[in-house]
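Here chain A shows up in two complexes: once beside chain B, once beside chain C.
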Partner chain A sequence: MDLWTYIPQLLASGITIGAIYALVALGFVTISRASQIINFAQGEFVMLGGIITFFLLKVVNLSYPFAALIAIVIVILIGFMMHVSVIYPLRKASVLILLMATLGASIFLSSTSGLIFGTLPKALPPFSSGSPLSIGGISVLPQSVWILLSTFVLLILLYLLSHRTLLGKAMEASSTDPLGADLLGISRNLMVFLAFGVSAGVGAVAGILITPIFFTSYSSGTILGLKGFIAAVLGGWGKNSGAILGGFVLGVAEALSLVFVPSGYKDAVAFVILLLILYFRPKGILGSPFIDSRRW
Partner chain B sequence: MVIWELENWNLFGIWNLIIGVLHVNARKNMFSQTKQGSQSDFRKRDLLYLAPLWLLSLIAPDPYLYHKKEFKKKDFYYLGAICLAPLIWSDSHFHHLMVLAGIYAILALGLSLFIGYAGQISLGHAAFFGIGAYTTAILTTRYALPSFLAFLASALSAAVIAYLVGRPILKLKGYFLALATLGFGEIILVIVRESTDLTGGVIGIFGIPWFSVMGFSFDTYLKQYYLIWGVLIGLFIFSKNLVRSKVGRATLAVAASEDAASSVGINVPRMKLQIFVLGAAFAGLAGSLFACIMSTANPEAFSLGFTVLIVMMVILGGAGNLYGPVAGAILLTWLMDFLSKYQEYSLPIYGVILILLLIFFPDGIGTRLNVRLIYLIGYWAKKKKRDEGKL
Partner chain C sequence: MKTFKGRGFLFSFLVLIFVAWASPAHVAEKSPYKVGANLEFTGPWAEVTKTMKNAMVLEAERINKMGGIDGHPLELIFEDNGFDLNRAAANMTKFTKDKEIIAVVGPFEDNLQGTTRAIAEREKITNIIICPSNPMVRALKQKWAFNIAQSDIIVSQKLVDLSLARKYKKVLVFPAAIPLAKSLAEYYKQFGEAKGMKVIISKETHKPADIDTTPQLIKLKPIIEKEKVDAFYACTAGPPGPIVCRNLRTLGVKTPILGTHAFGFGFIIALGGEAMEGVEFGAGKPVVPDQLDENDPARPVILDFDKRMRERYGVGIDQIAGHAHDAISLIEDALKRCQGKVTRATFRDALENTKGFKNCHGIYNYSPTDHDGLSKKDMVFIRIEGGKFKRIRFPGFE
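What follows is the complex of A and B.
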């Protein structure tokens, strides 16, 4: 059996999962640009997006787009609540305390969702039914096309938000020069608050996109969050373009690793990549505005 | 004691002499400015005043060092309480809980040297705990090694792996160090889970014999209690001496500012690596004891939740304090035991308690309570004085 013939197929699935990683990484970057905080509960937003949509679709019997929309709004509210109840009281705390607080929030969110929605893994129906498309000998699920399209649209929306609106400029200003932004009357806390909303929304969209392909259970958020973070570091910490590139590179690398290592080791591949990138090029592929030429 | 060490003689005597000379000179300059014309220089008479002062400083303990006297009376009370507690509450559940607390305390002690004294972040110490547990499990069940040798071998294996991993990783700082150590933990977890032949995969290894030294087997909870807490006290005394030594002071300097520390000739990467390896060796010992007492080793020991628990123990007790992790370990072990009554609600409650503790006691319960207490006493004393019309 020749493994090499599978490579185009693996590449396609890698790009699909890479889009999801890119979205999770964007969530990390959005928050860290506003406040230098790394929110380890980011993966839980993804998980909640998928599971709340499932709940609204199957138990409350809403229509699919409506359920997805309400789920996104609910997750954004959860993001706001997390900022108000966890991050804002700890805004002057040290790195370690913030890290542990977001991990505590992650434990709380995942176990509570297990309690409310049940611990069984859930799968949403795909956005459009239909047989897998065949493009040049590679079979592609329609859902993969949906994922790529939605990711693209979301990226454009985020670009417009951050570069074409006053709010986006204010966020940018507060991240590049907090003191200057304060002097101009931009509230830094408000910007972090809004950043949490945006990143929770992006996470929820990622969750809704991924749940038709991969089963989502209450505990699957943590590993997705970590992979998203690795993608953000890989592409270049603090850059939107870096997060997107890192997500796709990580997804493809993980998928291609199946050729070389047994599938059980797949989760370790991302972390090995993380250690390698941190050691050899901590700035990431595209370089990072937050990290100077020295190692941190 | 402190005075008889040559190093401290130097500290006391010479520094006081220099400060004394500077002090006298400064006073004379002030004096000469007010009284113009009398241009004064250093008088030999001043040395006469200085000499008794210097001699006095040699005999009188330095206040800055005195309060750090190694063991105080309260330590002996703690020791007595530890020895007597299991005899007073001769309840096997209590014994078992305190055994677990002691194991976690060993782990947290090593981590607090790294977090509290060297000022770094590690989310990978659970991995060293697991490595210690698996080393003991494999050596005792497959190769029938005596558990005491396996105990030493686990510390060694954890330390060697920490050395190999620490060299590249410890160049990172802050969040990225946390992430890298976490990633290391995950890699070890995957390796342990997948190499089924050696480690038994997800199920783990069963039937590890009791810990025994020279044919004396620690087979009851009471014996295990004394074993664990004996090891803990030994490691505690070791850490306390370490913190007071040159290495400990260098470590504190690294935590305060790496640039400043390297500018006074401290080899910062080496210092961090030493403390990391030491913490890993502690974790290996704890893991080995855990494997002997639970008689199993499974991948549960590597989980992120366990890491969070251990780091919380260090934070709650107060990171820059060696009593802190022990107190934090006892507190959180009891909290987890209390919460296990609520079964599926225990994890959400645990998450909320974690966040609340972090918000209200960010530098440890003991530290914050002490500060509050001192503040209250000061407030009360001022109020009393004001009422008496003295202020």
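What follows is the complex of A and C.
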């Protein structure tokens, strides 16, 4: 009987973390659509977003919105730099080598962050103060509402970018038909370069959104990156809508799993879901343009 | 071009000579006593161990400035174990191979300590460790391992005292899935129930790396409400402390929170913010250097060291700096009392005979049956109020 009373509260907590997984997954998908690379440094962008904002806010003493904005710009620049220094020189190498290179970049970014900003976890103040809201017996932090709203706005912006601007259409074209894009004179290297910027920016926003609730330390990018990757695979690798759906499904599934299994196995749940998806439906919930379903 | 290179070389050579001449090791002519430090300078505890290193260096400099120990300077050798079991073991083995090293301080993390203690036992070298608590290790009755932090037993006794003083009858314990937290929870239950309290240890646990404990707490909330517990004991260490407090307050639970001695660090308040208000725990005296009794034996030591820390590094003392100070001054004291020639064996015997030695964390008494040193009297009750640590007192419980 007790079991069912706390399900609404678990759902609320699952949706909050699900929004973050969705943003991380979206970063993965943006890059993989442009270049077929799995960028394992995606979690690091999230971590840097939170930690650089903290640094600008507490050490440099900028105002909160300004600090957040500058942090996003810095992380986007880091994304560009990562493309220029890691991906571009290896553009003729196989995807596997690029994957290794992004793993290296991820370790580099997290260690550097530990050296510069310190290894203790950081917490940002919430966007708006106030006690938890109580909605029908479920208590929700105002920050959770902020997370959901910002995620929603960001998704609309990304949709407009890819469907309503020439640049977005060029990015879309180079991912769906590389040869056709080449013939039309779209520089694919430039598109991959821009994709890194977009996904770094999305990652940084995710980092700034979660740091007030979940503390960010130099090493927290790894687990967030992994969860985002699982979410992207779960929803359908290579699809924006899949990444968003996958993020929310994973967040809710993880939270609800607590009803049935002890909390010690919480992290294992995500990986069990990944294995099950790879066994039975490797193209994910919404299907993936990259995975040939006929083989299964 | 060539002369320029030659000049650069000459210059760096002169600098090297100057550095070698100016270093404190040059002051005394007798051979130095070497102490190894096997700590986590990289990894999640990097900042905490940096404080330790600073404090140890400060103490060693004080000793050497005063002419060393019977003319022998004290030399510290730092090795980074990178939060890695293999490297911790390798460092420990390396230290034992250097015959001049008489003792090793560290590591910091619980599971690394188990290994270095075993090596210490085999190679017969003193291993001074901080924050150990694994009851399985204690049961081994190791001859060469000494603990300088408050043991899990006295921390639990102190917290039971706090609960009794606050008249808590029923307490729910939410332990972390680490040996330290598990033994703290068990001892709290054992001592608490001996005094007539009811202690419930939750089956839900959390990991040190968890960023969100809300799901576990949602499962515990009905228990808190149904059993009407008087207090919630967040039995954990490091960042999960403030995470648990925040998550609990987010869920709208108003029950008072009890913490462990690991809550007595500034960064815990910085992380937890408002959720930490009203959290109470027992901790070492360096948490509140300015709120100690006039006749407290640890007060002069703490105030003196606090002042020197501020002068040198700009930050005051905390529990970790206190442990580092205590480790070095206990070594100094034992070296002075060594019978005959200083060897690893005579040093160990001298350290085991430490009696009534006043230090930052209180009065140390080691004996062949007690390698934990401190007692319940060396802790104080702390309450977090207005973003600061405030000492609280209860008549009859201190």
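Operating definition for what follows: the second predicted complex is superposed on the first by the 291 of 296 C-alpha atoms of A that agree within 3 Å, B and C clash if a C-alpha of one lies under 4 Å from a C-alpha of the other, contacts with A are read in each partner's own complex, and residues count from 1 in each chain.
Throughout what follows, contacts are C-beta pairs under 8 Å (C-beta built on N, C-alpha and C of every residue); 3 or more make two chains touch, one makes a residue touch a chain.
Nothing here was measured: the structure is a model prediction, and the numbers come from that model.
By the touch criterion defined above, A:Arg281 reaches neither chain B nor chain C.
Shared-chain residue A:Ser139: touches chain C; no touch with chain B.
Shared-chain residue A:Lys169: touches no atom of chain B or chain C. In the superposition on chain A, A:Gly264 contacts both chain B and chain C.
Of the two partner chains, chain B is the only one that A:Phe229 touches; chain C does not reach it.
Within chain A, the residues touching chain B in one complex and chain C in the other are 114, 262, 264, 267.
Taken together, the chain A residues at the contact with chain C in this complex read 2, 5-6, 9-10, 13, 17, 114, 118-123, 125, 132, 134, 139, 141, 213-215, 217, 219-220, 223, 254-255, 258-259, 262-264, 266-267.
Looking at the complex, you find that chain B touches chain A at residues 115, 121, 123, 168-169, 171-176, 178-180, 182-184, 186-187, 190-191, 193-194, 304-305, 308, 311-312, 315, 319, 344-345, 347-348, 350-352, 354-355, 358-359, 362. Per the touch definition, chain A reaches chain B in the complex via residues 38, 85-86, 89-90, 93-97, 99-101, 103-109, 111-112, 114-115, 222, 226, 229-230, 233, 262, 264-265, 267-268, 271-272, 274-275, 278-279, 282, 295-296. Against chain A, the residues of chain C that register as touching in their complex are 42-48, 177, 203-207, 209-212, 214-216, 218-219, 221-222, 239, 242-243, 246, 249-252, 267, 270-273.
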